[in-house]
Each structure stands twice: as structure tokens, then as C-alpha cells.
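The data blocks that follow each hold one structure.
Next come two complexes, and both contain subunit A; in the first it sits with subunit B, in the second with subunit C.
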Partner chain A sequence: MRVAVVGAGAVGRSVAELAGDYGHEVVGVADSAGAVVDGVAREGRREDEAGVDVAAAFDRKARTGSVGEASVESLLSGPYDVLVEATPTTLGDAQPGFGHARRALERDRHVVLANKGPVAERYDDLQELVADSAGELRFDATVAGAIPAVATVDSMGPERVEAVRGVLNGTANFVLSRMAAEGLGYEHVLAEAQELGVAESDPSFDVEGTDAALKCVILANVLRGGGVTLSDADVAGITDLPPSALSLAAEDGRTVRLIGEVTDDGVHVGPRLVPADDPLAVSGTRNVVQLETTDAGQMELSGRGAGGPETASAVLADVDRLAAE
Partner chain B sequence: MRVAVVGAGAVGRSVAELAGDYGHEVVGVADSAGAVVDGVAREGRREDEAGVDVAAAFDRKARTGSVGEASVESLLSGPYDVLVEATPTTLGDAQPGFGHARRALERDRHVVLANKGPVAERYDDLQELVADSAGELRFDATVAGAIPAVATVDSMGPERVEAVRGVLNGTANFVLSRMAAEGLGYEHVLAEAQELGVAESDPSFDVEGTDAALKCVILANVLRGGGVTLSDADVAGITDLPPSALSLAAEDGRTVRLIGEVTDDGVHVGPRLVPADDPLAVSGTRNVVQLETTDAGQMELSGRGAGGPETASAVLADVDRLAAE
Partner chain C sequence: MSARRLSRWYASRTAPELLRRDGTDRPPVADHDTPGPDGTPGGDPMSDGERSTPDDEARPDGGQLARTHTVRLELPDEPGQLLAALSPIAEHGGNLLSVHHERGDRTPRGRIPVEIALECPPERFEDLVAALRAADVDVFGADAERYRDAVTVLLVGHVVDTDLSDTLARIEDCGAASVSDVTLDAPEGTDRPSSVRLRLAVEAGEAEAALGTVRTVADEKDLRVVEPLAGGGR
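And now, the complex of A and B:
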């Protein structure tokens, strides 16, 4: 498939770098300042000349601040089979990611999202566009990185998944794991996580539960066929959690995890007590998704919930699914 | 899809009973003594008369010992889109399961296996039949019941899965979990498991590692495109494990699990020490499959590895995948 990538952060870059290994061709990469595009389909060009030179594009970005001097518009209107949307997640109108997805679907091209905004905040708008398009939409990378949560729900059948619970934010889980293991306070562990690069300089999106809530909202939309946005979620973070809560839990063979839940009662995210040997009690930056099913009981999927190559592998698995159809 | 089910044990029965919920029609069920078949396609028949009466068939089996008086042959040569093969797993020539699958593929029908024999012992023969057939073959139910291990490997791409490890036999894991938790000996716990129905009266297939090895062989065939049979596996069970091994492990924060591995070094099954908080240290009858991937690190899938409805849900997910193509 000819893949165009919008967004050149860790995920977009890994998608562009790995796409060739998956048998796909990168025909364009855009960042917020510019783009590099594989011109028009040139007649008589040799196969090994096809696509953009990804390594050169990222060298250029390191030197000049952008992958290239073409416009994002030229990428969006250029030749591609799949648009990979990997710009930063935004709330509310989910722009510019939503607009990029719309452009592709209106041109009957496929869209694979790594950006959570469009499927968390404008799921119904997207599905309307999909209904009128020959293109399809996939977004497994938006929930728990490498873990194939959406594909597994799809393959079980959403109507046979009664509830989903999970640890969906690696930063928050790292902080809680360290607080519990070392008896340290929140601020101390957060500073450590920032030094290690596990937490961002503004960690609010992660530690206040917003990121986990977006993932739950996306899963809720999959289970219910739409109708859910972040405003429907009941969200609490871990910023006010005293170390004593963790030590009290430990005395009782339990621990505290930031759990996201999608149940008949809606979408809830907050710190919860879980038994220390519970499948939800994953450690460090790992994520886990637990499906409660009608016929197969509880099932857990765990792995790396973030990271460039990890999330890119989920994006490219979605591209492969589109290619197989 | 019109589904014919061969094998009327716990799995075959659950497939027949649940197929309607998944939107499919059961057109035949066979056990070792006979079959019930939806006659020939009758012209002018009303939609709601289609298919066999599954509840009546199993009532009949309870009374007479068989679901019906028709021949298995009439089922195999009758009208169906998918043959579900759920007869007991056999080694070596994998008969009669292999022959049932061959009949269906030669008639250009799809085959979904719950029976491990054909894909563990005659994978290459099956793939030859598939190559000449318009029918396809799926077998996710043969590995770890409800856990979508094969589908996940397929979606990652087998060439990007470097190794697979797992706890693939619930009976052996139950015995080890109880030995560790209670400090009891193997024979004592096995008798308890037999009383609870977790172990069969002849448990050798489970406790000697054969069942776990068959699942590893199937995964090895998926990863390598074939060429592996049970005779290639190095297999040890748990029958000689002294309780002292478990208590020594516990003193060191570890436990013992019967681990199956598919690596570049081949297929190995045997008791292994694992840290008590390792993702492989699942408890009771649960199974876990760990994938070591090139781009996404380690990923675990855990859940119920056996049981009628659980395994049937994997069979019917495979039927759904065929229907979606």
C-alpha cells in the first residue's frame, strides 16, 4: 500500500521508518512545518525509486526543523492508499487530525489513526464520513499502543464484550508502581519519571486520567457503535493520592492502579484498589486491557502501551488488515 | 454461514448451541455413533425452518447415545459452508479429524478446527489441500481456547514474532498452583483436581506435557510456515516434580510453571522457574501466551484456555472471519 504519514513525532517517524519492512511504500511525510511528497506517479520510474527517502527526510528535519518544503496540502491531495494520522491528540473539535482524516475519506482513501482525538471526540462524525466513502477507518493504535485491543473486540464481536477494564496509561502506572515499591510520595516519583523520560514536563494529560479516559471513550464507542465523547466520562487522576493509601493497600495484599472502565454504567477512570496478584496489577509502564465476554469469560491483553515502534507496529497491523481486504 | 459440526463433546455441543447467536445456521451435527443433518436444501422451505433442531439433537443424544440416525457420511457430503471439526485430538495420522477436514477442503468448503491433531501432526498435508481448495482453514481454537493467539500472530505478521512462550495447559497449571499454594504433593493435588473435574481420569495427556506440546507445535507451524510435528518437540511433564521444588522456588520469590516455548532452538515444554510476579505466572486453570515481537516488545494474552463455550467462542470467531472475507 502507498502510505502517507501526517505527524512526524515518535510514532509518525517509526511508522515511516518501519513501513518498508511491512511491504508498504511511504509516499509522503508531513510535520507541522512542511512535508516531503513523492511527487506525482512518474511514468517509467524504476520500482526502487518509488516513495520518499525517509532517512533523508528525518535528517532534514533534524537540520532544518521540517521534513521538507512541500505543503501538507500537497501531501493530502497527493497519491496514497492510506493516510496515517499521527499528529498530537487534541480535544473538542479534534483538529487538525479530524480534518486530515476527512480529506482522505472524502477522496475514498483509507485512514489509520494513531491520534486519539478524532475517535474519542468525533466518532459519530467520522462514521458518517466512512459511510459515504470507499475508504475505511482503523484505529487500533489509539488504545494501548501495541496491544491489539480493538482488533480483539472486533474479532469477538462488540456485542459479546460486556465490559472493558484496564490500565491504559503507562506514565501513571509507572508512578503508582514506584510509589508502592519505594514508599515515596507522588511529587518525588513524578520528578524521577520526568528525568527518565517516562513523564512529560507537563504530565497533566497522563496523571489526571485524561489520556486513559480517551482510550476508554474510544472502546466505549466501539462497544456501543458510537455516541460517546470525553464529556461523558467520569475521570479522576492520581495527583492527590497519598503514599499512605499505597502502604495501607500493601498491608492488605493489594495495590492501587489507575483503572479505566467501560461498563453499562458508563465510562469511569480513577484510582482503584486491586489485589496484588490480579491481572490488572501490571507494573511499570505496561498496559493491560481486560475484556469481560459473554461466552469466553475474562481475557487480558498486556504489553507496551506506548512508544514509537510499539505504536507504529499497531498502525502497520491496521494497514496490513486494509491491504488484506 | 451454514455450519456443520463433527464431534459432539463439550466443544462441538457449545458450537452448535451458540452458532445461532453468532448469526450462523447449524445444518448438521455428528458424533461417533451417528448424525443429524438438515436433509437436502428443500425448495420453498421457510427461513425459520432452516437448520437442525440443536436442542432436540442433544436431548436425543442423552436418551439414545447419538444425536441422530443419519450417517456421518451424509453430513460430510451434505450442504454446508464451514465444517467445524471438534472430534477428539489424535496423534500420528490425526484421524478421523484429518479425513473430515480433507473431505471438506476437497469440496471447496471452509474448515475450522477445534481438534489439534491435524494442525499439529499433519500441517503440511493440510496446507497442500488448502492450496488446491477454494475453501480456507482456520484453527485459533486449537491453541489456548478462548485466547486469540493465532489471530494475533497473524495480525502482527508471523515473521515479526520471534518467539512464543506460554502456559498452555490449564490442568497442569491448576495442579502446580495448588501444590505451591498448599504445600501438597502431586498425587494428592491430582486426585483433588480429578474430583473437581479439572483433571481427567487419565490425565497423562495434560500432566506429561503432550497437550501443551501440541499447541506449541501448532504455533511453530504458524511462525515457520509448517514442517513441525510433535516428534520435533522436546517434552517433559510435571509428574515427577517434588513439592520441595515449589517451596524452594517460593523462598526465592519464584514459582514453577509448565512452560511451552517456541524459539529458534525449537519447541520445548517443561517445568520452569518463573518469578512470582512474572506475566507467565498465571494461577489456576488460566492460560497465557507471551509473544516476543520485533517491534512491539513482549505482549501477553491470557484467559480461559479450555471449556466448551470458551473454545466455541474461538471457533465461532474463526467462522466470523471466514464470513467477513
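And now, the complex of A and C:
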């Protein structure tokens, strides 16, 4: 497949770098300042002539701040089979990610999202566009990074998945794990996480539960066929938890995890008590998704929920699925 | 900062009320002299369901899911009787949660009623009761249909300043739950948030109602509730 990548952060970069290994060809990469587009790419030309020099583009970005001088518009209107949308997640109107997806679908091209905003905030709008398009929409990378949560729900059939629970934010889980293991306060552990690069300098999206809630909203849309946005979610974070909460839990063989839940009662995210040996009590930055199924009981998928290559693997798995159709 | 275990204080404070509400004014529910058809204690229609549930739950380390059980005994008013009754519980892996024992109360047979809440895997419970009987302890009720489930919650915030006794009393007033254990972890001074862990003994099917009360009380007092996950026997 000919892949165009919008967004050149950790995920977009990894998608561009790994696409060749998956047998796909990068025909464009865009960041917020510009784009590099395979200017001579045309339908029907030989495969070994095609593609963007990804390494050169990112060298240029390191030197000048952008992957290229071309416009994002030239990428969006260029020749690609799949648009990978990996710009930062935005709330509300989910722009510019939503607009990028719209452009591709209106051109009957496929869209693979790594950006949570469009499927969390405008799922119904996107599905309308999909209905009128020959292109398809995939977004497994938006939930729990490398873990194939959406694909697993899809393959089982959303109607056979009654509830989903999980640890969906590695930063918050790292902070809670360290607080429990070391008896340290929230601020102390957060500073450590920032030094390690596990937490961003503004960690509010992660520790206030917003990121986990977006992932739950996306899963809720998959289970219910749409109609859910972030405003429907009941969200609490971990910023006001004292170490004593974790030590009291530990004395009782339990721990506290920031758990996202999608059930018949809606979407809830907040710190919850879980048995220390529970499948949901993962440690460090690890994520876990637990499906409660109609016929097969509970099952858990655990793994890396963030990171460039990890999330790119989910993006490229979606591209593979589109190629197989 | 150190956790202060208040269960003893709490049990003594409310034991008469708990005994009245939970023990002496209702008939024994399980009649162990006439076992049910499958060998489970007779007279308790829920026993079978309870015994089969936890096995459905895969535990990663092979550990069994502990569950709260209630045992009611009658002891002669003689020294050492209570200790003799408690030993078989520990020997069979039971974790003692509370003992309600009022010397002033008497059963119609003139003995002292004792209600014991303990936690152990359901499959061990029968052996534990058998061991009590083997030790000549008079067990007249085991596992009422009330208080089948234990629910543990954390309250976080100014739990002391907002009158912990009142918080506990109001949770019990809802009628769906009895507070069986209270553990407080408060830092020195009161301006920093503290945490309290409550173990609630909850009637079958009433966990959500009990949690609803906890949420309401916590909300009024600006306390944070850390709830257990629903479902799966958690």
C-alpha cells in the first residue's frame, strides 16, 4: 500500500520508518510546518522507484524543524492508498485530525488513525463519511498502543463483548506502581517519571484520566456503534491520592489502579481497588485490556500501551488489514 | 505515618447494636444437622451458588478467592471457651475479621451467643465448621444469607476532620451494610489528606446500594471514594 503519514512525532516517525519492513511504501510525510511528498509518484510506476527517503526527511526535520518544504495540502491531495493520521490528539472538533481524515475519505482513500480525537469526539461524523466513501477507517492504535484491543473486539463481534475494563494509561500506572512500591508521594514520583521520560512536562492529560477516558470512549463507540463522546464519560484522576491510600490497599492484598470501564452503565475512569494478583494490576507503564465476553468469560490482553514503534506496529497492522481486504 | 487499626474499638462500640440487628433476633439460617442433597449445609438456598462461583474466576497465582463468612456459636460462660473456639479457625486458614461477644447476652439455653466474621476461601469453609464441631464448639448457624459479600473501599481526604464516627454510622444506617473493619492511616497533623480502609459486610445483591450510600456520604464530606471493581467476585 502507498502510505501517507500526517504527523511526524514519535508515532508518525516510527510508522514512516517501519512501513517498508511491512511491505508498504511511504509516499508522503507531513509535520505541522511542512511536508515531503514523493513528487513523481504516479499510479502504475515501478515500485522500486517510488517513495520518500524517510531517513533524509527526518534528518532535515532535525536540522530545520520540518521534514520538507511541500505543503500539507499537496500530501493530502497526492497519490496514496492509506492516510495515516498521527497528529496530536485534540478535543472538541478534533481538528486538524478530523479534517485530514475527511479529506482522505472524500477521496475514497483509507484512513488509519493513531490520533484519538476524531474517533473519541466525532465518531458518528466519521462513520457518516465512511458510509459515503469507498475508503475504510481503522483505529486500533488509538487504544492501548500495541495491544490489538479494537481488532479483538471486531473479530469477536462487538455484540458479544459485554464490558471492557483496563489500565489504559502507562504514565498514570507508572506513578501508582511507584507510589505503591516505594511509599513515595505523588509529586515525588511524578518528578521521577518526568526525568525518565515516562511523563510529559505537562502530565495533566494522563494523570487526570482524560487520556484513559478517550480510549474508553473509543471502545464504547465500537461496542455501541457510536453516539459516545468524552463529555459522556465520568472521569477522575490520580492527582489527589495520598501514599496512605496505596499502603492501606497493600496491607489488604490489594492495590490502586487507574481503571477505565465501559459497561452498560456508561464510561467510567477513576482509581479503583483491585486485588494485587488481579490481571488488571499490571505494573509500570504496562497496559491491560480486559474483555468481558458473552460466551468466553473474561480475557485479558496486556502489553505496551505507548511508544513510537509499539504504536506504529498497531498502525501498520491496520494498514495490513486494509491491504488484505 | 502508621496505620491505626480501629476494628477493635469499632467492634466494641457497636457490638450490642450489631448483635441485635444481625444475630439474636432472627432464626439460624443454616441447619447443619440436616445437610442439603449435595452435602452443603441445608436450609440455605444460596449455598450452592456461592460455592460454585469463585472457581470460575481464574487467579494468576492459583490463589483462591477469599470470602467473608459468618459463624454463630453458643459458648458456655466458662474461662477459655472463646479461645478454644477461635483456634480451629486460624488452624484452617480462616482470617478472623471480627468477634461479637457480649457476656451480658444469653441465648434461651443460657449460653453466650458469639458471632464471628471471618474470611477464607469458600471451599475451606466447610472443613473449618467441621473442625469447630470436632472441638466440641456448638455451632448453631453458619453463613446467613445476609452479609455474604465483603466490599472493601478506601475513603481519601480529611476523613478525621469530617467525623469518621458519623461517616461509619451513616454507612450502617443504610441497612445494606455492616462495617466490619476500619483501618485509618493519617499523617501527623490534620491538614494533609488521610485515608481509611473500610471493610463492609454486605447483604447479597446489596453491594451497589451500600456503595451508593458510601458515595453519597463521601460526596457531602468532600471525600474521595476508591471503590473496588464490580463483577468477577472482586
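Convention: the second predicted complex is superposed on the first by the 318 of 325 C-alpha atoms of A that agree within 3 Å, B and C clash if a C-alpha of one lies under 4 Å from a C-alpha of the other, contacts with A are read in each partner's own complex, and residues count from 1 in each chain.
In the analysis below, a contact is a pair of C-beta atoms (placed from the backbone, for glycine too) under 8 Å apart; a residue touches a chain by one contact, two chains touch by 3 or more.
This structure is a prediction, so every number in the text was calculated from the model and none was measured.
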Query raised in the report: Between subunit B (first) and subunit C (second), which does A:Ile259 come into contact with in this model arrangement: first, second, both, or neither?
Result: second
- request: Would you sort A:Glu292 into first (subunit B), second (subunit C), both or neither based on which partner it touches?
  value: second
I'd like to know which partner A:Ser302 touches here: subunit B for first, subunit C for second, both or neither. first
Worksheet item: After lining up the shared chain so the two structures overlap, which partner does A:Asp277 touch, if you call subunit B first and subunit C second: first, second, both or neither?
Response: both
**Study point:** subunit B versus subunit C as contact partner of A:Thr239, first or second or both or neither
**Key:** neither
Inquiry  = Contact-wise, after the overlay, does A:Ala249 reach subunit B, subunit C, both or neither (first, second, both, neither)?
reply    = second
Practice item. Based on the superposed arrangement, let me know which partner A:Arg165 touches: subunit B (first), subunit C (second), both, or neither? Key: second
Note: overlapping subunit A surface for subunit B and subunit C spans 277, 279, 297-298
Within their complex, subunit B touches subunit A through residues 14, 18, 22, 145-148, 151-152, 155-157, 160, 277, 279, 283, 293, 295-304, 307, 309-310, 312-314, 317, 320-321
Note: in the complex, subunit C contacts subunit A through residues 1, 3, 56, 58-61, 63, 152-154, 156-157, 183, 185-187, 192-197, 199, 224, 226-232, 234
Seen from subunit A, its contact residues with subunit C in the complex are 163, 165, 236, 240-242, 244-245, 247-249, 251-252, 254, 256, 259, 261, 263, 270-275, 277-280, 292, 297-298
